[in-house]
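Look at the two complexes coming up: chain A is in both, with chain B in one and chain C in the other.
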Partner chain A sequence: MTGALVAHQITVRYDRQRVLDRVDLRIAAGETVGLRGPSGSGKSTLARVLALLRAPDSGHVTLDGQRLPGVRHRLPAAVRTRVAILFQSPRAATDPRLSLADVIAEPLRATGTPRERARARASELADLVGLTPDLLARRPHAVSDGQLQRACLARALVHRPAYLLCDEATAMLDASTQAHLAAVVTDYQRRHGAGVLLVTHDASLMARWATRVVELPAGGRPTD
Partner chain B sequence: MTTTAPATTTTAHGEHRPTLLDVDGLTVRFRLRETVVHAVTDLRLTVRPGELLAVVGESGCGKSVLAHALLGLLPGNATVTGQARLHPPAGEPVDLLGCGERRLARQVRGRALGLVPQSPATALTPVRTGRRLLEETLRAHDHSRRDAATAADRLAVDVGLDPADLDRYPHELSGGMAQRLVTALALAPDPPLLLADEPTTGLDRPLVDHTLDLLRRRCDTGAAVLLITHDLAAARRVADTVAVMYASRLVEHRPTEALFDTPIHPYTAGLLDALPERAFRPVPGHPPMLTDLPPGCAFAPRCDRATDICRTPPPPMPHGPGRAACHHPLGASA
Partner chain C sequence: MTDLALPARLRRPAFRPGIALASVVLVGAVAACLAAPLLWPLDESAVDLARIRLAPSWEHLAGTDDLGRDVAHRSLYGLRVSLLVGAVAAVVAAVVGGLVGTVAATCGGRVDRALMRVVDTIAALPHLLLGIFIVAMLRPSLGAVVLSIGLTHWLSTARIVRAELLSLRTRPFVDAAVAGGASRARVLTRHLLPHVLPRLALATTLMVPHAVWHETALSFLGLGLPPHLASLGNMINDGQRSLLTGAWWASLVPGLLLVAVTLALAALAGRWRDRLDPRVRAELHL
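== the complex of A and B ==
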């Protein structure tokens, strides 16, 4: 059986409002699934459930056939790090006290990688995403939003995830940076056989990038 | 200061119109521990009443710094030189770079020159609801208490926000809702010139179009908007002219259709080729380091038209829309 990250019958409520209602979604290794739907249809919530950041109210996630018992730190690091997510706003997703080099290396340090190795891997990834060396010593406030998002992509790839979830991750980027990051992701995907989820409002980007598109209607029941 | 910026420009058709904003030689440097960041260099541009000017360019090229420089909002490690004059239709011209913080705070920011900031979530005061923020802004700009309440609802509707959502606190807003709220806050004082820095981030397509049309309508009634956007389709939809920035400089400023149909700067052509509906090919090479720019054209390392002469700076661009700063512009015989 080939690997897949799968959401089974996921239901999520915020307060009394149900944002996802028994949703199924499958991301197979090597494919790029586009997920679209109106504002508020629960695309980001579904992405967070698949990223193992949020427990659903009912339903479950399987990773390469294995049913996952929980989320976040209740999962062993070796499982957790197989899925990475990239959000729309890099400001909200980075610690303002860290240099960009440390932002990228942070997940390695969290799993106990030796300092030198972490540093070498961070600068290799920085180059891959197009961050010039002068930016690595700076903190988030001294770089632009687009430069910070490049650092977030490098951080997302640091543990070589098998699944990468991009939630409007290039929505705030200029065309060239967007095409560059898309090429970085696609190249990574080809080399590692990774599965990619692409959440975007941009129809041209969806048409160009996704290999298959799933619609999530308001109220959260998808039609494949 | 020895020179005074002219109060009129000659447009492509030779007509004279008063300018609203006149920027000449604007330069911004940031001092960091061991280096200097060249964030904006010798930038010239004018904005006329009724004009919607879009500024586009690669991430990190200096677009937001340009907006913050005009508003006196840069951090302490920044040095700003050059000229920037605002000629509000009512009232005295303002020397934006020289008039001082007091005058900027009291008479300029918000009132004469508005800003929709790029990171809305961090721009909102967390302990006040949207309604309270909006009504305070309206009352600071000559609305009575009663009038402010209705005006707040109207502004919410204008930006595509449900007035009921004004009663939420900033942390209860989605990214797109926060974006619409900061846009409403910037529109509240009805400034003659609005600097909108990525005002459509986080919005879905119908709301993007709604916001763009709102900015367009402002210009059609005589106000002006400087729209900073990474979204080339957005620029194309509403802008009269588009200015392309690369490595801290403006490299091409042209009427919108002309720029999209026949770009003349190689960087503009590369940026357009990166669109997913065109080649989806990034501009080759890495973006430049603003701490270490070459003396000549900064695009040379990525440019397939570069020759020896590109090691010298291309001639400066004229004030108004029309040309590009390049030794070998596209479409010209080599």
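== the complex of A and C ==
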């Protein structure tokens, strides 16, 4: 089972409440999997498990056939950066002290890329997502949610991840920004063969974008 | 939406009379303390029994005490000592508390629980009593007073730092940094500590007036600096005996100086906190 990010029999509980019960989900390279379900069904939790940010209570994740032994810092940076996640709230997902240019370049700086190369790559990605140079000097409080989510998308793509998880990433955005971000992700996916997980309540976006839709019932197991 | 779009006149911070007054008080006090040894030297052991308990006049602006010493002159030197003790003790408390809070939050588990139980245990003891014990162990001196205050006042700082770090590390921007490949050290130094430092600095600044009060209390109890040295606590302690003879000024002037400087420090610390927080800066158009 190579070329896929796979959740195997994932169970997650918050205190006594079981939000995911032996859930399996496979995102193959190049495909866009839509994940939908009622609020509280564990979609975001599953995305965090797949993003290697939360350890499940049972079950495991495999990345391109390799079973991952842990999450977060228990995994080397080279493994973590193969999966990127785009959160619903760009404001919560950005360090308010950093300028947008630093937000985008930070993953590169964190993994040892020299400052000038990181800046050049950040500038290239900013251009791709439609951020003008004057916006790059601003900090998160001085831009709109849409502009900030563009920066978050640029940050997510900075390491050229093999899998991109979009957790309600367009929920707070206007239609034109939503369309632009979808186009950038689709283009990236086409060029790099990346697998995409699309968590959204937006049925029309799901229908247009996802190649396969998985339903996640509350506390239950997903069905195609 | 953006402060950059505002006209320059609207982006200027509003004039705040309270902050301006606090700045004038603090700058004036610090400048006077620094200049005093050059312009107005004090012989700590000098007494003038012909001039005891003189009321405030042009010659002695704050009167004289029961040993004939100029109260204004000694208050200036007392403030100098009290501010020095307060600042150094606050820094000691901040360093100890910051380290304990950071280690507890980042290690978690048993280390966190053990350190927090130590904090709870020390917090259960009256800190003035603990301070007196430390001074008694080390004999009264400037260093002993600093250690006594610093080693009993780091508890709240440790709790603040730990709570801030625990809260911050669950934020999505920290998750994003982890997913982006940042190491533990990078997350701590780049994304967590810079958010905690303003609060740590604020806690330290607010600790200065508290430490000044603590030094005053120790000196008032006769456990602080040697009695012949001018400190605000020593002077208030000496002055309370003069109250019975009607010389109210001997305690009043050092007391007012203590209140004015500590209020000024607290006001400026609050203002500094606002300026360091990017979101508050945006709201204030700074």
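Heads up, the rule we're going with is that the second predicted complex is superposed on the first by the 222 of 224 C-alpha atoms of A that agree within 3 Å, B and C clash if a C-alpha of one lies under 4 Å from a C-alpha of the other, contacts with A are read in each partner's own complex, and residues count from 1 in each chain.
Please note the rule applied: contacts are C-beta pairs under 8 Å (C-beta built on N, C-alpha and C of every residue); 3 or more make two chains touch, one makes a residue touch a chain.
Quick caveat, the model's predicted, so the values are computed rather than measured.
Novice: Name the contact category of A:Glu116: first (chain B only), second (chain C only), both, or neither.
Specialist: After superposition on chain A, A:Glu116 lies in contact with neither partner.
Novice: Touch check for A:Arg80: first (chain B), second (chain C), both, or neither?
Specialist: second
Novice: Touch check for A:Ser89: first (chain B), second (chain C), both, or neither?
Specialist: The answer is both, since A:Ser89 touches chain B and chain C.
Novice: Of the two partner chains, chain B (first) and chain C (second), which one does A:Val158 touch, if any: first, second, both, or neither?
Specialist: In the superposition, A:Val158 contacts chain C only.
Novice: Once the shared chain is lined up, is A:Asp15 touching chain B (first), chain C (second), both, or neither of them?
Specialist: In the superposed model, A:Asp15 contacts neither chain B nor chain C.
Novice: If we overlay the two complexes on their shared chain A, which of chain B and chain C does A:Ala51 touch? Say first, second, both or neither.
Specialist: Once the two structures are laid over each other on A, A:Ala51 reaches chain C alone.
Novice: With the two complexes superposed on chain A, say which partner A:Val143 touches: chain B (first), chain C (second), both, or neither.
Specialist: both
Novice: Contact-wise, after the overlay, does A:Pro107 reach chain B, chain C, both or neither (first, second, both, neither)?
Specialist: Only chain C is touched by A:Pro107; chain B is not.
Novice: Which chain A residues contact chain B in one complex and chain C in the other?
Specialist: Overlap of chain B and chain C footprints on chain A: residues 89, 92, 138, 141-144.
Novice: Going by the contact rule set out above, which residues of chain A touch chain B in the complex?
Specialist: These residues of chain A touch chain B: 38-40, 88-89, 91-92, 130, 132-135, 138, 141-147, 149-150, 168, 171-180, 182-183, 201-205, 207-209.
Novice: Within the complex, which stretch of chain A touches chain C?
Specialist: 48, 51-53, 72-73, 77-78, 80-81, 83-85, 87, 89, 92-97, 106-107, 110-111, 138-139, 141-144, 152, 155, 158-159
Novice: Under the touch definition given earlier, write down the residues of chain B that touch chain A in their complex.
Specialist: On the chain B side, the touching residues are 30, 32, 35, 37, 56-60, 64, 75, 118-119, 121-122, 174-176, 198, 201-205, 207-208, 230, 232, 270-272, 274-277, 280-283, 286-292.
Novice: Which residues of chain C touch chain A once you look at their complex with the stated criterion?
Specialist: Chain C residues touching chain A: 1-4, 171-173, 175-184, 186, 190-191, 194-195, 278-279, 281-282.
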